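Both complexes shown next keep chain A, but they swap its partner, so chain B is in the first and chain C is in the second.
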Partner chain A sequence: MLIFGVLRSGLYSLTSVGLALSVGVIGIVNFAHGEFLMVGAYLGYWLFVSYGIDPLVAIPLGALGLFALGGVVYRTSIQRVLQAPELNQMLLTFGISIFLQNLAIILWTGDPRTAAISYKAKAVALGPFTVGFPQLVVFALAMALTLGLYLVLGRSRIGKAMRAVAQSRLGSSLIGIEVDRIYVLAFGLSTALAGTAGLMIALQLSASPFIGLLYTLKAFAIIVIAGLGNIHGVIYASLVLGLSEAFVEFYVPQGGGWSEGVFFVLILAVLIVRPRGLFR
Partner chain B sequence: MTRGRMPKLVIGVVLLAAAVLLPFPVNRAQPYYLQLTLNIFVFATLALSWDILARTGQLSLAHAAFYGLGAYTSVLVTTRAGVPVFAGILLGSLVAVVAAAGLGVLTLRLRGIYFAIATLAFSESLRVLTKQLRFTGGPAGLIAPPLLAGNLPAQYLVILGILLLAVLVSWQVNRSRWHFAFTAIRTNEEVAAVMGVDVVRFKVMAFAISAFFAGLTGAYYAHVFLFISPFEAFSLAVSVGALVAPIFGGLYSAVGPLLGAVVLRAGEEVLRAALGDGFLIIYGLILAGVILYMPRGLVGLWTAFAARRRQPAARTGRGVP
Partner chain C sequence: MRITVLLIAVLLAVATLAIPGSYQPVQAQREPIKIGAIAPLTGPTGVSGQAMKKGYELALEEVNRLGVLGRRIELILEDSRGDPPTGAAAFLKLVTRDRVEALIGGLQSNVSIAVAAQARQRPILMAWTGAASTLVERALADAEWFFHYHPWEYHNADSTFGFIRSTGAKTIALAYEDGPFGSGSADSAEAFAKNHGLSVIFKEAFKSGSPDFTPLLTKSKAAGADVLVWVSFDQDVVPMATQTRQVGYSPRLILAAPPSWPVGFEKLPAGNYVAGMALWTAENSHTASRQFVRRYKEKFNEDAASYWGPLAYTNLITVADAIKRAGGTELNALVAAMKATDYEGPIGLPLTFKRSIYGKNQGFTRLIAFQWQNGKQVVVWPEQIAGGKLAYPAPYGR
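Then we have the complex of A and B:
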């Protein structure tokens, strides 16, 4: 059970770290985050079915595509509401989310699409336990990417600029950082991370227009647990969510259905008891 | 009464008479249109109720929760306890009010985005709960007893009454001192509190009024549609509809949500035929478009247009939905 919980949290942290980036650096709470993930999942499915490209190989391609999509969305809409009230920003991204979801329904119908990948059902022995091979790969990659992002934020010039912009928009523009460019980069990076997570979902599960909202909500739960805008708390918060879901699935009768509710209860509880988040 | 108000009053009376009397011939000729009008009224009541809450700056994504609570309560008490349908509907809206007051107190400290996420979480938790519990019928849902023995014109008159009540309340709130309290809280809660506005009382009150109408429509519609399930009663589409209509029509008034609901629902009917399941796409487009290009909605467009006709140089204020 522990292993299931931990493995699951890898994908969660990859999804949420993108959202945390958008919230932390730009200050935009992106309701459409999960929809970018959904687009990524369809991209992975489509590349595999049409060109036989393995979703794992397609990750750089998908990330690039989603980066571009994120850039376009930012330039055409988000950019215009940066100074607007918070609720306008939220409603705008909510509109984008509804738009993308229903576009997917129109283009690909509501039925889930599953890519039949050869090693999907393969299992690996890990000490005394057996775990799914794709799950293991996804976990490792997701963790590597999340940690890689931390490294980029901590060490590189771009990362430092992003953190500076997150702290003060005015201050960073005064010392010569092109705030606008950083915003586009951060938003593109955020959607690219969501798209990568989507490709991994195409590898593990299946693509459907409705997965977006689910992952948006889970990512919300995680960044709320971590504290809005706190990028470093995301890994721990993902562990909390992944483990508590696994716990409910194993120990509660009919746990599969109940586990869907875990993150809502977590969000509610954290928001009411400690709105600043658990990990700061 | 001034001369200017006379024609307005006459128009109002004629419209009301038409609204009350028309269903009978329409039902004989084209029941579909009556059904559609009924749906529009349900939607408009929801939109009005959402708008009342939004006036205090609380942007709810939980209207599906109150709608669903009303529906489930009413269906459960009428089928299991033999309560008459009308009493069941009232009971349903009362349960929604109690839940709203509870949620309102819990989320008092939360603002903006935090509030929206918390309400969404509340609504989705309820959906999971009704789906998992045995006595709510689980994912399969429940059959609801019909209201007024399924007589469509009579059902129409009931929702017409509910809608008129909602319009009246929405209008009255805007004419009374509450209007200033709500606006003050929305604009700046601290300043409102300093000026002597009882912030907690007004916020919870707005929540309760809003939930009352949401629960009422949910319960009502359950007995018209004759079936409820966790996926429909607590669906996000209900919450989305309840918020897009006022934003599209124009916020913080009785006219805006009404106008938005009528235009959206009628347009949706056309789109649903053309696009099938993805018809909600238009909601996304409208939501994004309105935020970007016309922050004061249809009503805002109209006032800007009217002002320009009267004095060409008139400038309109900045809209803050």
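Then we have the complex of A and C:
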């Protein structure tokens, strides 16, 4: 169960790190994050079915496409509500989420679509244990991307600029940082990460217009556990959620039915006991 | 001169007949018989609704070729969008504004409940294709004018366990999504299994949409039942099929029961030998079924994949036939004619209407079992319409 829980946390981490970025840098609570993931899943499905492109190979193309989509969404909508009350921002992203979901229903109907990738059910031996190969790949990718993002934020000029903007929009603009460009970049990166998680869903599961909400909820639980905007805490928080779910599902009778309750309990516990997050 | 005029008249008449679509049979001159239909043409179940629409188009073409009592059938199809208030509004529009003489269609129990509430106030012949929940059956229990085609949920359960018994299996592991769909099936599962001499040795709920079922499947594997019965929505069958292989879980048979299958499942290697239950599949070997599949392909240039197509076809054909036998659309005569229906069409099973537990006129009462074999839904049960042999024990990962 330990291995299953750890592997499950890979997809959670990949989903949440983008949301942590948009909350941390732009300060926008993006309810449409799961729908960007859904778009990524459809992109992965479509590239595989139409051109035989493996979702793993499609990552650069998919990330670039979703980055561009994020940029357009930012310029046309998010940018206009940055100074508005938080409730307006949330309603806007909620509206984008509903729009994208319904657009997907119109374009592809409500039926789930699965890409029949040859190694979808493949298992590999890790010592005495057998684990799913796609899950292992997703976990490795999630760790690499999250650590990569952490390094970019910590070491590069652009990353330092993002952190500066996250701390103070006014102060950053006073020292010459183009805040709006940083916001576009951060939002684009956030959607690109969600899209990459979507491609990994196409690799393991199936694409459907309705998959977004569940991942948005889990991502919110993870960033709350990590501490809002805390990028590297996302890995640990994903592990907490993945392991908790796996243990509850296995050891608690009828545990499968409780799995969604786990993250609500975790959010509740963290908000009451340590509101700034467990890993901050 | 008179001969020239006569010749021109004859030539014109011949030319008119030669132009496709310009021939108007006598029946077309009379007022058509209006039949209303409600189906979810858009929304989450839009794929099934579109299949229904195509089934109706095929039936309408056939019925109007000869006409009914010298009249054409005019079908007015309304989109319920899978939404109960929209379905109820469609009923009111069809009955009060379009003044249809019979109502057909129907998919989803929640929409059917909303339509049933309206229909009780304005009785009309209601030849209803789909709703499995007994809530609908109870709501229209005393309605002589309500004819139901799709099996009820207890018929589904009875067929499922009847099929499992036929395999020689003794024990079942039941995993079900914890919403009304899965829980409704799970509640009565043990009783139905017992009736068929089977025992449910593992029973556990899960959340639909979860990306990871490995803990549940590992527990189920430890229980060691002959058959894994997986009651879920479409999206859950892919992780189930792949993750059973990943955890090395090879029961003698995996039987999944989603309302429909994900697009692309037929190409998924892990889906091979997974069994399912349905009212009909395109691999059905019945002659009428094969004809339907061929005509569907010819007309729409796509394969008939959903049972809602042949079910809708059967729906309209039988109502048109009842109108013919009743000599009109007077409700009592039409009800009597519908009760006398005896039709064997593309579904491959005879259709007659008999009493069910609560309802007065129930059509189909049995599902068929199929097994995914190399991308095809091969019918394996009941024997009389089987198109292939069940691979049992199924070679999952063996």
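The rule is short, and it goes like this: the second predicted complex is superposed on the first by the 279 of 280 C-alpha atoms of A that agree within 3 Å, B and C clash if a C-alpha of one lies under 4 Å from a C-alpha of the other, contacts with A are read in each partner's own complex, and residues count from 1 in each chain.
In the analysis below, contacts are C-beta pairs under 8 Å (C-beta built on N, C-alpha and C of every residue); 3 or more make two chains touch, one makes a residue touch a chain.
Since we're looking at a predicted model, the values are computed, not measured.
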Touched partner set for A:103, first chain B, second chain C, both or neither: first
Touching partner for A:205 - first (chain B), second (chain C), both, neither: second
First, second, both or neither for A:113, with chain B first and chain C second: second
First (chain B), second (chain C), both or neither touched by A:178: neither
Touched partner set for A:49, first chain B, second chain C, both or neither: second
Contacts of A:88 with chain B and chain C, given as first, second, both or neither: first
Which superposed partner A:260 touches (first chain B, second chain C, both, neither): both
Contact residues of chain A, present in both the chain B and the chain C interface: 105-106, 109-110, 254, 257, 260
Parts of chain A lying in touch with chain C, wherever the complex brings them together: 1, 4, 8, 11, 45, 49, 105-106, 109-116, 118, 120-123, 130-135, 201, 204-206, 208, 210-211, 214, 245-246, 249-250, 253-257, 259-260
Complex contacts: residues of chain A adjacent to chain B: 29, 77, 80-81, 84-88, 90-92, 94-103, 105-106, 109-110, 213, 217, 220-221, 224, 228, 254, 257-258, 260-261, 263-265, 267-268, 271-272, 275
In the complex, chain C residues that touch chain A: 42-47, 175, 178, 204-207, 209-216, 218-219, 234-235, 238-239, 241-243, 245-248, 260, 262-265, 267-270
Residue ranges of chain B touching chain A (in the complex, touch as defined): 59, 106-107, 109-110, 112-114, 116-118, 120-122, 124-125, 128-129, 131-132, 236, 240, 243, 247, 275-281, 283-289, 291-292, 295, 320-321
